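Each structure below appears as structure tokens.
Next, two complexes with subunit A in common: one pairs it with subunit B, the other with subunit C.
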Partner chain A sequence: MAVVELKNVTKRFGGFTAVEDVTFSLGKGDILSLLGPSGCGKTTTLRMIAGFENPSEGDVLISGESMLGKRPYERNVGLLFQDYALFPHMTVQQNIAYGLKRRKFDRGALDDRVGEMLGLVKLEGLADRRPSQLSGGQQQRVALARALATSPEVVLLDEPLSALDAKLRQELRIELKQILSAVDATTIIVTHDQEEAMSLGDSLIVMNEGRIVQEGSPTDIYKNPTSRFVAEFIGRSNWFSGKLGKDGDDDLVEFSISKDISFLIHRPDHDAGAYDVCIRPERIRTEDRQDLQQISEYCNHLQGVVRDVAHLGADIHTLVELANGEMLTICQPYTGQSLRQHGERVGLAFRPSDCIVISSTT
Partner chain B sequence: MKNYRGAVLLMVPGIGIVLAFLVLPLANVVEESFRLFEPGRIGAAKDAPYTLFNYAELLNTNYLYYFVETARIGLIASITGLILGFPIAYFITRRLRAIWRKIAIGFLVGIMFISTLIRVYALQLTFGPTGIAKILSGLLGVSMNGRFYTELIVIFGLLHYLVPIAAITLLGTIQNINPRLSEAAQALGASRWMAHLSITVPLCIPGLLSAFLISFTLCLSAFVVPMILGKGKILFVSNLIYARFSEISNYPSGSAISIIMLVLSLAIIYGVTYVVSKRLVKY
Partner chain C sequence: MNALNRQIDNLGLWLVWLIIAVTLVFLIAPIVVSILMSFDARSYLGRFPPTEFSFHWYERFFSDTYYLNGLKTSLIIAVIAAAVSTFAGVSAAIVLDRYDFPGKQAIETVFLSPLVIPAVVVGFALLLFFALIGVFQGYPRLLAGHIIITFPYTVRTTLAGLTGIRRNLTEAAMTLGANEWQAFWDVTFPLARTGMIAGAVFAFAFSMDDVAVSLFLTSPDTYTLPVAMVSMMRTNFDLTIAAASVILMLFTIVLIVVLDWIIGLERVIGGGVYRS
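And then the complex of A and B:
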């Protein structure tokens, strides 16, 4: 049975529709990421599950029971705020014990549970510190321990990693995932950060303007975005608009982006007239021109001139200008190769299967 | 340390003014308070002998009564002011939209600029014999000329400026409390009231303390309100000091009362601050 279920949930604030007809469900232990730009309705969705807002239409069910009209404290939901919202006038111990006290744990059971939570987040020995005496990462762990202490049926995380610096993020992301799976928590993560959403969530829901625009596994959504919005929001992309030309072998078809430049793509399922094609920067290879013909699987070949090269450490970003003036970004892992030079003429190779075809009307 | 001398030079005018207009007159008051007073004179004679009589005299229960009454009514008014001001401040910061918040704050600040004399007579007009005194005292079951009713009107007079002051002082405090804290408490199973009492109110303690101290010191030094609304039945220490200086020209006694008042006020401020910061504010 689904632990959390949203059925056709709509939320209006005055004349503004923040969330429109959102439906999804989560089973025990699932981790779902709700991803979208700010104002897309993801936070409102989270607040409706937590009980701070009531849906205008539809229903929110937790463990099969309708939550309509139930106050936050009448639900069993763990909530981790972006800024942690630790109680500054209480110690770590008191922060974690707060929810247990409200649920009338007796003294012994309460102490045991707090100890257990401190162990889970590896903060034994810091029980008597105040939040102001902790680092950002430690504060986050306390907030997580506090949210998990009451064994909530569902855990809601609001941008859990965004307040941390890049290095700490990486560490805590792994730890967060371990902790969540250790307690088998059914979790919903709300974020605008695609990396956070993709790395933490088993499944992903992308929202825009109050609606769900696509859902699936992170890999599936990255590989097969169904709209330009999703393709642009998740990952980097190079875009071409053009027209379909004559058919090639199998299901391939020519796609021309200008008078002399065209390449092969897979024939789209639906006939929509105009199409946009997206190619991920890491799917394009730069080759010296003479080598081009030898790599047959990369049957699409374009010519270009290098306009910028940026070495970012693990990756190299190369900006290439095509004959029609369009710019392409190419991202390659740095494996010790020599970098391309400004003004150098290069060949670009990619497969038809690397071209994501999206109808221009979506 | 290069600009040390320059900084000292810049401070000279300020220090000079403080010395000339604050420290010196105060020292004069201290000195006067130890002089022997001969009835009939205006102030003590230049060569009057030093004495502790002016202070010893105050131990008389008749005088102590003024201090106790001032503190008692001041305490009632300050605490009532806090109780009324807190919800106003909370409502303004948490419930109002930006434009209404500005209007409300402007209104509170505006009230404080009204002359004390005007507010006092406005209250007199409304709650006095020509106003609703009969009705209100009837409702309370007390005489409208009795002490209780007079005291009530004095407290109203004090609240007239204590409520806006308390609310304005608390605005910043409440503004600085993350509203997520209360939501976090509710998500952890606390009812709204419980969240408010266990999270918001404790975090407001520093603000409540400063609001209380401002209110209480204003009450202790209140003069016009008890003089006009108290109608001779309620006299604060300030009124006693005024009577000493201007009615019987006993400067030494007036000085002694002023000094005691000053010492008591400072003791209360430091005492309350110390207790609250040591015992209640732990973060």
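And then the complex of A and C:
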């Protein structure tokens, strides 16, 4: 049975529709990421599950029971706030114990449970500190322990990593995943950060303007975005607009982006007239011009001039200008190779299968 | 050019220090003078400084029923006015902080208006109003006046205390199983407490100190200590008034010291008022 289920949920504030016809469900232990730009309705969705807002239409079910009209304290939902919302006048111990006290745990069980939660988030020695005496990462762990202490049926995480710096993010991401799986928490993560969404969620729902635009596994959505919005929102992308030309071998078809420049793509399933093609920066290889013809598997070859090279540590980003003036970003792992020179002429190679074809009307 | 700029800067800095020094002198010197004079052993109003010290002006104060009656009235009015005004101010501030409704801005302005309306106007208006509705007793009139003039302070300091508390703390408490009422007592109240107490202190102090409003609302047998001092000053001016001022000051100081001892003065005065 689904632990959380949203059925055709719509939320209107006055004339503004914040969430429109959202339907999804999660089983026990599932981790779902709700991803979208700010104002896409993801936070409103979270607030409806927590009980701060009531849906205008549709229903929210937790463990099969309708939550319509139930106040937050009448549901068992754990919420990790973006800024943690720790009670500043209580110690770590009191913060974690708060939910247990309000949910009427008896005194002995309460202390055991707090100890257990402190162990889970590795903060055993800090029980008597105030939140203001903790680092950002420690505060987050306290907030997590507080949210998990009452064994909520659903755990909601609001941008759980966004307040942390890059290094700490990485650490806490792994830890967060371990903790969530250790307690087998059914979790919904709300975020605008695609990395956070993809790394934490087993499945992903992308929202825009109140609606679900695509759902699937992170890899599936990255590989097969069904709209330009999703392709642009998740990962970097190079875009070409153009027309279909003459057929090639098998199901390949020529795609021309200007008078002289064309390459092969897989024929799209349905005929939409105009298409946009997206190529991920890491799927393009730069080659010296004379080597181009030898690499047969990369049957698409273009030529261009290097306009910028940026070495970002693990990756090298190269900006290449095509003959028609379009710019392409190419992202390659740094494995000790020498960097391309500014102004150098290079060949670009990629497979037809690396081209994501999206109808221009979507 | 640079040298000139620097000299102008230095001059400005000196000016600022001078202003601070002058302010301090005019703020503290008169108080010091009246404190010292209240201990003057001479039985007439002599030249400053006193040549000998004694408590005889205080003895006079405490044997004069006119003053004592004023002090008693002042204390009763101040305690009740501070309590009522704090309760009303806290309630109003919570509503203003928590909810959005049409006319909120206007209501806030009305609540704070006694701060800008001259106290004399408030006093006179109240006198007319009470005459109109037939209330002539001193206590209800004084109480009403004092609650009205202290109310803006309790609203203001509580609001200042509340604005620092993010809404999501209450929401966090609610997801953890607290209802609105429990969330208020567990989270909002402890965090806004200093602002509320600051409001109560101000309310007490302003009530003890008020002359302008009280002058209009006293009755022959119900008058506050400051009003008694003003009328004594006109009839038989002697240093009992200095002793009375010191006693008046003492009540407020004792209150502040006690609060400082309980929760810390910094947080009561500074934290409550200047934040936001």
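As a working rule, the second predicted complex is superposed on the first by the 362 of 362 C-alpha atoms of A that agree within 3 Å, B and C clash if a C-alpha of one lies under 4 Å from a C-alpha of the other, contacts with A are read in each partner's own complex, and residues count from 1 in each chain.
Keep this in mind: contacts are C-beta pairs under 8 Å (C-beta built on N, C-alpha and C of every residue); 3 or more make two chains touch, one makes a residue touch a chain.
Keep in mind that what you see is a predicted model, and the values were worked out from it rather than measured.
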* Asked: With subunit A superposed, do subunit B and subunit C clash or fit?
  -> clash
* First (subunit B), second (subunit C), both or neither: which does A:72 touch? -> both
* Mind working out whether A:98 is in touch with subunit B, subunit C, both or neither, as first, second, both or neither? => both
* To do: For A:130, decide between first (touching subunit B), second (touching subunit C), both and neither.
  => first
* Asked: After superposition on the shared chain, which partner residues are touched by A:13: those of subunit B (first), subunit C (second), both, or neither?
  -> neither
* Structure fact -> Intersected contact list for subunit A, partners subunit B and subunit C 50-52, 71-73, 77-79, 81, 83, 85, 87-89, 98-99, 102-103, 146-147, 150
* Structure fact -> In the complex, subunit B touches subunit A at residues 178, 180-181, 183-192, 194, 198-199, 202-203, 281-283
* Structure fact -> Note: in the complex, subunit A contacts subunit B through residues 50-52, 71-73, 77-79, 81, 83, 85, 87-89, 98-99, 102-103, 130-132, 146-147, 150
* Structure fact -> Seen from subunit A, its contact residues with subunit C in the complex are 50-52, 71-73, 77-79, 81, 83, 85-89, 98-99, 102-103, 146-147, 150
* **Interface residues, subunit C side, partner subunit A - complex** => 166, 168-169, 171-179, 182, 186-187, 190-191
